[in-house]
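Next come two complexes built around chain A: one with chain B, the other with chain C.
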Partner chain A sequence: MANFGQEGNITPHTYETATGYNLLGLVYDSLLQIDEDGVPQPWLAEELTISDDGLTYTMPIRDDAVWHDGEPLTAEDVAFSFDYYQNGPPGRFRTAVSAVESATADSDTVTVQLTQPAASFELRTLAEVPILPEHIWSSIPAPDEAPFDDSTNVGSGPYRLVESDPGTSYMFEMNPDYFAGTPTVEEIRVIQFANDAGAVAALRSGEVDMITRSVTPEQIPVLNSQEGLSVLEGPEYVTTLLVFDTQKEPFSNVAVRQAMDLATDRELLVSDVYLGAAIPGNAGWVHPESPFFDESVETTFDVDAANALLDDAGITDSDGDGVRELDGEPLEVELLAVSSNALRMRIAELLASQYAEIGMNIEVASLDQEAFDQLTWPEYDVALGRNYDMAVFGWSAPTQADIGQMGALVDSDPTLGNLNIMGYVSDEADALAAELRTESDPDARAAVADELQALIAEELPLITLLYPNGLYGHSPAAFDGWTSITGQGPINKLSFIPADARP
Partner chain B sequence: MTPKTPSPARPKTSGVPTVSIRTFITPRDSTRLAPRDFTRVIGTVGAIIVSTLVLVAIFAPLIAPYDPSIRAGAPFSPPSAEHLLGTNDVGQDILSELIFGTRVSLMVGVVAASAAMLIGTTIGLVGGYFPRVGGIIMRGVDVVLVLPFLPLLIVLSTYLGRSVLNTILVIAFLIWAPTARVIRSQVLSLSRRDYVTAARSMNAGDGYIIRRHVLPRTFLLAIGEFVAATSAAILLESSLSFLGLGDPLQKSWGSVLYWAQARGAFLTPAWQWWVLPPGVLIMLAALGFALLGYALEQKINPRLRRA
Partner chain C sequence: MGPWRFFLPRVGQYAIVLAVAISLNFFLPRLMPGSPLALLAGVEPSELTQEERQALISEAGLDQPMIVQYFRYWGNVLTFNFGKSFRMNEPIGELILDRLPWTLLITLTALLLSSLIGIALGVLAAWRRGRASDVASLNTMIALESTPSFWLGMLFVALFSVTLGWLPSYGAVTPGATLSPWETIVDVAAHAAMPILTLTILSVPGIFLTMRYSTLSVMGEDFIRTAQAKGLTNTQVLSRHVVRNAIVPVSTVIALRLGFAFGGTVVIETVFSYPGLGRLVFEAVSSRDYPVMQATFLVFTIAVLIANTLADLLYPRLDPRTRT
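Moving on to the complex of A and B:
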């Protein structure tokens, strides 16, 4: 397989990207495993019992799971892992276990006690956090600085990582004793390329059989036209968004945001920039493939309505220069895009011409990733504020896979709304976000999600432009067992275990 | 990457005024005339290429079939009667992009070369007219001369950010040094001519001598250097834009190449109409200015000129 982009050693403490996380799933197991529909199912845990108050999770651990070094995987390992992540360096897994008060092992059963009910606990914690072997890690105080070798590289998954050379290649060897059955491929070698062009060239020359990351849409005809190659295309929960500083004029004015939403021709962005390989954005943020998608939320494209809306709001072009004024200030803003992302730059250009139709003068500026992040999301902490007008942004799949993240998108408290780079403040949204976090009844939660989608579509703290599809070039003759998880692509352990063993 | 034109006889080192000695050397035999005639042909070809490009740049809105910023057809269309060079990834007409790109590419080349000329000539004048100060300044010039070009260019432009102005500044900063050297040696020789000594003995000021005797005779040389530097600047602008270090939203030949690369045209048949034409244009422009510069240098540079 070919990978491209930055990546670290594939361990729970040092992986760097979403692809690294996906590959991690080949080596480690979690208590629950999401199935093809993204729903958590028993995995290392044989079953899951939740107390009525939603605070106590009881899970018997299966007795046939074995670490790669032959030691049995026990309930103690599970309890240890929770404790270890809580005291470890900051990161995705430490955040995931932050709601855990205690995890205790009693013979083969683990009991997890939470400080407060957490509706996303199954999906975000039990189905995500890789369980670590206590006999290896209990003696290592700083896991992110630990040496990486055979002695620490022990998981319980279908594959064992036998060689890891970040920037060059990774080698996975199958674990014949895997509890869910013998893996379907003996060896997986992941070769690192500098960019997608290199990876595509390697696939076309037969050097590799699969590309682990989504390629750009113009590669579809190239790959499909070659004998023996094809592209796995499927919806992904990845988003491409237009964000703006909602505390700053003109975006603090809801009419401006609504007019921009109306003036956004999402179909054109999908057809011209993504060549059809994307799904037009839903004004209510949630991906149409998500079980929480609310069909009643409408996304409209109507330039005339947008112009009428601005006229009614008193935002008119009083000096006749083609640019409307708000409180005497012309609607002139800078739209940022990351220069290394050709597609987003093109989107920015198209948006600038679309918003010119409603009397906005938009200057597109391209920045490198670092400078872009520093302006939009300084130090990846929304509490530090922001310093931009508008930007073409995007979030990765986990923000859509867990509906609870929709609260994080709009909550005005920086610790709860850790994705709210728009600085959006609304009491109504805060209340809905809080309900979404704690409501554990599935139907009631779906109703809250619907309300929040309607609110987002009305208030438009951000404009959801589109959802790029996952495009994975591969050679079906070499391997054709790819199993995609809805919204999250085919690189996961389900692709490599026998069909009858999948959850 | 080495800078610009063939410059077979750059003054070697500073200090010794060699010109006065050469005055006594008799012209060599007549076979020397042949290359001079050839020089004229080279100069004409260069001038034709350059003036054609300049005309294209000036009349771009009249020549270009489409506005290069609008969607003129389906994205990724191959060449057709409507779009002679096809369309790019967002349906813009590539031919129109190239025609308008001529403006930015030439403008960056000319402005950067002018700026380089200004720096180079000033430094060369000061360095040549005041030999003691010059000795120190020239060591600085040596440092700039040996700097590795492209890596430094990349570092600087990454640091400064993407804009046309920064691109111009960075290029100018990197290409002035050879000019300073050439100008300085000319000034060194001029300022020791008898008539300069005579003027000085009549209490003429430095400013007067530079204006009256030195500058006019260095000016032509600077023009020759300028044309050659333009060729280098155009190449550098294209390299920067292609690497995505220029402003990718500004239409230039290099940025057309950048988008071709970013959208995979190097791996598909689209390279024939999306990669080759801007490449040829860059080559033509660099060649045109280089030929013109070479011809001018042959005419102007006292070390190359033969009676």
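Moving on to the complex of A and C:
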């Protein structure tokens, strides 16, 4: 398989990207495993019992799971893992276990006690955190600096990572004793390419059989036209957004945000930029494939209505230069986009011309990724504020896969709203975000999610432009067992275990 | 005494240049907008608490005043302690030593080939000045000179890997293959072939043009006419008098390119996913990996300075008139 972009050693402590995380799933197991619909199912945990107050999770651990070095996987390993991540270096998994008060093992059963109810605990913690072998890691104080070799590459998953050479290649070897059945492919070698063009060339020359990351839409006809190759296309929970500083004029004015939303031709962005390989954005943020999607939220494209809205709000073009003024200031703003992302650059240009129709003068500026991040999301800490007008932005799949993340997008508290790069402040949104975090009754939670979607569609703290589809070039003759998890693509352990063993 | 009188003042000059370059290596990365925090934190830096951010920043020494960091950096440079990469968590010396041989393999081979080809074609074109073959080669070279390297590289991949299937499109060796020593040589050569070909084609024009002009100006000199008048054959005039004199400026060009050979070629190494120094630098710059940027820039600086010295030393040997 071909990968591109940067990646570190693929261990729970050193992987770098979402692809690295996906590959990590081949090596390690978690207590629950999401099925093809993204719903957590029993995995290392044979079943899950939650106390009525939502604070105690009791899980018997299956007795047939074995580490790659032959040691049995026990409830002690599970309890150890929670503890180890809590005391380990910062990162996704440490955050995931932050609500855990204690994890204790009693013969084959693990009991996890939370400090407060967490509605996303199953999805974000139990189904995500890789369980570590206590006999390996208990003597290693700094896991992110531990060497990668045969003494540390011990997981319990369908594959063992036997070679890891960041920047060059990785080698996964089948674990014949895997508890969920013998994996379907003996060896998986992942080659690291500098960019997607190199990966596509290697797929076309037959040097690789699959590309682990989504390729750009213009590669679809190239790959489909070659005999023996095809593109696995499916919806993905990745978002492409228009964000703005909602604390600054003109974006502090809700009429301006609403007018921009009305003036956004999402269909055009999908057809022109993504050549159809994307789904138009929903004003309420949630992907139509998500179980939480609220169909009643409407997304409208109507330039006349947008102009009328601005006229009514008194934001008019008083000096006749084609640009409206708000409080005497012309609507002139800078729109940032990352220079290495040609698709987003094109989106920025199209948006500039679409918003010109409603009397806004938009100048597109391109920056490299780090410089862009520093303006939109300084030090990745929204408490530090922001220093931009408007930007074409995007969040990765986990922000949609867990509906609880919708609160993080709009909550005005910088800790709870750690994705709120728009600086959006609304008491109503804060209240809904809080309910979303703690409400564990599924129906009640869905109702809260609906309310928040309606609020986002009305208030427009951000404009959801589109959801790019996952595009995975592959050679079906070499391997055709790809199993996609809704919204999250085909690189996961379900693709490599027998069909009857899938959750 | 001669060589020393020549050398000593230059040592002083080079020391100053080196000191300035080393300082620039420190400040340039830090003047770029952007932050290495994402690197320090691994994935999802947004999930960090305030204390965790502080801990990471101070662990990397980035919370110290700039001037303290600067002197600490000098201490490290003088003791050849480059520290660890923010990203790879590996000692930087090892990272560079891993990558450098691959870069040198392609850049030095290409430099050798392009020098030989450029010089030979340059002399030939000058000799046939104004004739069809000269005009044709001149135009070809100018066209090649302006060819973007990534485009040429991609064309070769499309031709030799995708269409013909002769050469591997990526990497420096076939990963995971167990090969005999002989097969290893073939494997390395097959992987290096396209990068070398692309680099050679793109660096021939510079050498060709310099050699052609230099040959032309030598051919206009009186001593050449004298040599011809003496009744020497064309080959004798060319080899003994023309080339010997015309090669002097070209040698400077080649010596300077030798210095840049260490920098690798970001674009070529990216197109062919070749694990050289150029890619290491590119990755370090795009993720603001300060220690790697500093160390690799230092290697480049020293290589260029050595190449300059070499050119300075070479000149008097090739051209006795510049001996002092």
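Keep this in mind: the second predicted complex is superposed on the first by the 503 of 503 C-alpha atoms of A that agree within 3 Å, B and C clash if a C-alpha of one lies under 4 Å from a C-alpha of the other, contacts with A are read in each partner's own complex, and residues count from 1 in each chain.
Definition applied: a residue touches a chain if its C-beta (ideal position, glycine included) is under 8 Å from a C-beta of that chain, and two chains touch if they have at least 3 such contacts.
Keep in mind that this is a model prediction, so the values were computed, not measured.
Visitor: After the superposition on A, what does A:S366 contact: first (chain B), second (chain C), both or neither?
Guide: In the superposition, A:S366 touches chain B alone.
Visitor: Of the two partner chains, chain B (first) and chain C (second), which one does A:D441 touch, if any: first, second, both, or neither?
Guide: Touch status of A:D441: no partner.
Visitor: Please indicate which partner A:S339 is in contact with in the superposed arrangement: first for chain B, second for chain C, both, or neither.
Guide: It touches chain B, and chain C stays clear.
Visitor: Check the residue A:R189 against both partner chains and state whether it touches chain B (first), chain C (second), both, or neither.
Guide: Second partner only.
Visitor: Applying the document's definition of touch, where does A:A197 land relative to chain B and chain C: first, second, both, or neither?
Guide: Both chain B and chain C are touched by A:A197.
Visitor: Hey, is it chain B or chain C that touches more of chain A?
Guide: The partner with more contacted residues on chain A is C.
Visitor: Would you check which partner chain A:E101 touches, where first means chain B only, second means chain C only, and both and neither mean what they say?
Guide: The answer is neither, since A:E101 touches no partner chain.
Visitor: Would you please give the residues of chain A that touch chain B in one complex and also touch chain C in the other complex?
Guide: Overlap of chain B and chain C footprints on chain A: residues 197, 201, 204, 367-368, 371.
Visitor: Taking the touch rule as given, give the residues of chain A at its contact with chain B in the complex, in rising order.
Guide: 197, 200-201, 204, 216, 218-219, 222, 272-273, 275, 339-340, 342, 345-346, 349-350, 353, 364, 366-368, 371
Visitor: Using the touch definition up top, name the residues of chain B that touch chain A in the complex.
Guide: 69-71, 75-76, 89-91, 158, 161-162, 244, 247-249, 259, 261-264, 266-268
Visitor: Enumerate the contact residues on chain C facing chain A in the complex.
Guide: Result: residues 32-35, 37-38, 41-50, 52-53, 55-56, 87-89, 154, 157-158, 161-162, 165, 168-171, 175-176, 269-273, 275, 279-280, 283, 286-288 of chain C touch chain A.
Visitor: Under the touch definition given earlier, write down the residues of chain A that touch chain C in their complex.
Guide: For this pair, the touching residues of chain A are 6, 8, 13-18, 20-21, 90-92, 95, 144-145, 163, 165-169, 171, 189, 191-195, 197-198, 201-202, 204-207, 367-371, 373-375, 377-383, 415, 418-419.
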